[in-house]
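Think of it as A, B, C and D in the order they're written, each chain with its own count starting at 1.
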Amino acid sequence: MIRASTFLRLNLRTRGSIFAPMTEQVQALIGKEFPCLDKGFVRLVDVMGDDAAIVQAARVSYGEGTKKVLEDRGLIRYLLRHAHTTPFEMVEFKFHVKLPIFVARQWIRHRTANVNEYSGRYSEMKDEFYVPASDQVRAQSSTNKQGRAEDSFAPSEAERIRTMMSTTQDSLYSEYQELLGTNLAREIARINLPVSNYTEWYWKIDLHNLFHFLRLRIDAHAQYEIRVYGEAMAEIVKAVVPAAWEAFEDYLLHARRFSRKELIALRSMLATVTPEDSALEAAGLKGREAQEFLAKLEELSQL
Amino acid sequence: MIRASTFLRLNLRTRGSIFAPMTEQVQALIGKEFPCLDKGFVRLVDVMGDDAAIVQAARVSYGEGTKKVLEDRGLIRYLLRHAHTTPFEMVEFKFHVKLPIFVARQWIRHRTANVNEYSGRYSEMKDEFYVPASDQVRAQSSTNKQGRAEDSFAPSEAERIRTMMSTTQDSLYSEYQELLGTNLAREIARINLPVSNYTEWYWKIDLHNLFHFLRLRIDAHAQYEIRVYGEAMAEIVKAVVPAAWEAFEDYLLHARRFSRKELIALRSMLATVTPEDSALEAAGLKGREAQEFLAKLEELSQL
Amino acid sequence: MIRASTFLRLNLRTRGSIFAPMTEQVQALIGKEFPCLDKGFVRLVDVMGDDAAIVQAARVSYGEGTKKVLEDRGLIRYLLRHAHTTPFEMVEFKFHVKLPIFVARQWIRHRTANVNEYSGRYSEMKDEFYVPASDQVRAQSSTNKQGRAEDSFAPSEAERIRTMMSTTQDSLYSEYQELLGTNLAREIARINLPVSNYTEWYWKIDLHNLFHFLRLRIDAHAQYEIRVYGEAMAEIVKAVVPAAWEAFEDYLLHARRFSRKELIALRSMLATVTPEDSALEAAGLKGREAQEFLAKLEELSQL
Amino acid sequence: MIRASTFLRLNLRTRGSIFAPMTEQVQALIGKEFPCLDKGFVRLVDVMGDDAAIVQAARVSYGEGTKKVLEDRGLIRYLLRHAHTTPFEMVEFKFHVKLPIFVARQWIRHRTANVNEYSGRYSEMKDEFYVPASDQVRAQSSTNKQGRAEDSFAPSEAERIRTMMSTTQDSLYSEYQELLGTNLAREIARINLPVSNYTEWYWKIDLHNLFHFLRLRIDAHAQYEIRVYGEAMAEIVKAVVPAAWEAFEDYLLHARRFSRKELIALRSMLATVTPEDSALEAAGLKGREAQEFLAKLEELSQL
């Protein structure tokens, strides 16, 4: 009978301590306000784990055998490239966010997260509303049914719209105050406040699901106003788990999926092209990744 | 080696067909509009399963042994009473709901459900807003920080507030139309629409999680406006799974939990009281449920 | 004030009934046993929705505007291609599965599903164990740390191993019976039963999550024994939602993702190649999909 | 326009820092092995948050208004008593666990958690198996279909069974080694290993869901072998979030729910009993909790 403690000793020796206290760099991030839009922000409240925590969890699955072969960064890249996503769930982020209600409504659709939101039943809503900056006052996109055009309105027209919005917000907040003045219940008085009104929440999510959120929300198709928050969180995540972030950029964010038909088209386009070693090297593909790329190309011929 | 088909034949013989087509009564419910608030509704779009589907799933867990002992209704009651919740997940409801945004914001906090909502980026929001009925125009509750008082405002004052709300909604919708008229992107033009604006969604959830939703949302502490939807769905659920609904009412909705300290207080209050058979009978407690009640009382003495 | 029912009438007229009863073809599938491995099976117990239910849910999001533009099949393909996954959650499948415990242990890792499993605490485990067919008795893969080689063992060696396994299973079941004979509690008596022992469960999942399951589990890297179940379910899904299945094959199952570095390598390989219309046509790319492909190629130059 | 930073400064002043570094007491817990069964263990790998983190999240919902009224411990008790569960989701625990497969199979049914398990496809299973201690070798319960009796077998009989189990485990492991010796793929060779074989995993879960797990798994109806792990985790949780743990014991773990019929029976039993202040005090009920208890009793008369 092998004693558990023997295993643990081995573990502690080979893996280092199971618990890595937060680095000073990450501690310095905590509480720091990243301004978003005109009155919002994201700040990191707490974080559990780092790049090492991903490796640590993955090695439970793999047992002792692999740990010499792959270094940490390489293992993290391997895991993400092959969609072994569970080790990324072992890192957890908690953010404090101040955001307009219409952004919150898009955000909350991501269900695998924990949320505590400011309550308009319990407390008075604050006199803070989003007004788009001039360069974001844009026409309906002619190509994208759910987006805005590339070009902004003329400055004077943009300013006119901004003033109109702001004036309406002031008048809505006055009416809200007037209703509260009659002692109308808060939960009723707030129903005519607009979705540009700012709310706040604590939002906690694991890294795998956060990557999923970010991939969708820092994409060009996401509404600009939520993208701004995604980008602020991206900056934080990048600082906390640099190796995982790099892998995320390479294999998910900047990767592209080609459909079966597209692969067939690619095949005929590539029919007379041989992948040169120099091209792979120039692209940064070497070792295992280069082999995997060649195997993918090889696979095309079997479609 | 026992052939799987033998087991299946047994199964089909003893359990009846594994698939019970929808009854006419339930089919008649489908698509029927249950009006909610001034302009909203709930309607059942589809349902998978019924009381028999709960029993069917439970019997996979229990194997052949128990099926003679307990009839279906009894088994359903036993399952719910003892928090064996997974068989209730085997029934699925899909609703089409039209609801004000502020109700949608409370509703969406229930994460274990599937949702497709009308998109204000993609389509124009409709000119439909919630205005509370006169009797719901009430003061802030003096005892409940997040609720309204029992008494309504004076009719004239209620009417004044209703008119104010309605006028504001009209003017906000005009402004929205005006902004759309400038060709401002829909996703921006809508930001000053109020949370009283109606939206719509398809919402799909299993019975276990629906019971959880209903327990919280038809409770007196829920905001009136979401309670109305909870009650409409309750009517539908009751018709589709009558035995499960009855058990839900008995063991969850109208049950009360007593804390450790409350149990100690109860114990001293009951010190000189003997549970009379007649009292149990009058309460409808018999057989197994009566024994379980007596065991609970007995347990008090061990606190 | 617009009456909700007006909206509904419009709806019913333009969308057809909200509820499509199950087709005869699908009804015929229900309860049908798809044998898996030597003693297991998958059978469809019930299903909610079909291709039309996906379209129906998507159109709630899009409002009235788009429904003339895109037909159902086209809309389904568009949704999947652009990762608009929520409408696929509106279809729900319920299966009855008989499977070895070691397969069940891989399967249950998919958390977004409902499960009721046979209980070895409650009932006696059955005398049914998995023995791999001769051609699956294979060596450890030399290239894949978690797989088996392509070639089978020599028939005589395979047979020897099969007999050894089968004999051990018989003896373990005898010992289990012997322990039950001493009246040892079932929950203890079963602890030396092997993970080749068959169990059963009801398993319910929505189509989006089922696609995710199938993509991972009918992949060549999945263990053969779970792949067999994946393929049986794939056959069922294909019959129930043919348009969604086709889209799944094109855009997920047979699609391939290229990393940022791979895209750069592709770019240099394609530097002198112009996409010919005929190549696109031959690949089946036309209209919107052809444009999207060309846009993807265009995007490469911006990497 | 109010600057966000003003709000933050207020926040930081009134709430203290948003981030509380781990106390030394908790740090000392991390990595500490809590032995479970004959060869298993639980150890805390990392934790995010503490009692203060629950309060911090709750106060986002409540805004500034309430924070003077209720102190932290009181607020935590209030939240749990009234099923305001989301703030408890803001604390996250990560455990490393070594456990028999049959325990892992019960454990994994809790879906709202993150898991990385040792893989028998990737690595060799270890020669470690669970054998129940003599006092746990017990008969089938005569009252509980899924449990064991209170009394142990005679020591000699228990020893005979333990030896039988242990001998079988040795022989199964030898056969496993023999199969690996033929170079049979690990994923096949392991199929006759029993569910008493130990596995390991990292398991991460939020406090709300952990409470749910513990309530079910340290209950007398849970199988003894998983209860042991529940109790070890309970010790850890109690040390990390003492106020939340106390509330959990009072309002969930040692609370009891009475069904509608049971409440009716209680009402008639209590018909002639007046709740004495002294009884409430003796039970530890005072202030708000005493009022809530009296209100619950009052409510009985309305059933």
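For this structure, a couple of remarks:
In this text, a contact is a pair of C-beta atoms (placed from the backbone, for glycine too) under 8 Å apart; a residue touches a chain by one contact, two chains touch by 3 or more.
Quick caveat, the model's predicted, so the values are computed rather than measured.
Overlaying the C-alpha trace of chain B on that of chain C calls for a turn of 180°, given as a multiple of 5. Shared numbers divided by all numbers used gives the overlap of an interface; between chain C and chain D this overlap exceeds half, so the copies present the same residues. Here the spacing of chain A and chain B, counted between their Cα centres, is 33 Å.
Separating the CA-averaged centres of chain A and chain C is a span of 27 Å. Shared interface positions of chain A, i.e. residues touching 2 or more other chains, are given as 62, 65-66, 115, 119, 122, 145. Touching chain B in their complex are the following residues of chain C: 1-2, 4-5, 7-8, 12, 17-19, 21-22, 27, 30-31, 33, 35, 38-41, 43, 45-49, 53, 56-58, 60-66, 86-87, 89-90, 92, 94, 96, 98, 114-119, 122-124, 126-128, 200-202, 204, 206.
Touching chain B in their complex are the following residues of chain A: 100-102, 104-105, 108-109, 111-112, 115, 119-122, 130, 132, 136-141, 145-149, 153, 157, 161, 164-165, 168-169, 172, 175, 179, 182-188, 190-196, 223.
Of all residues in chain C, only 62, 65-66, 81, 83, 145, 216, 249-251, 254-266, 268-270, 273, 275-276, 279-280, 282-285, 289, 293, 296, 299, 303 touch chain A in the complex they form.
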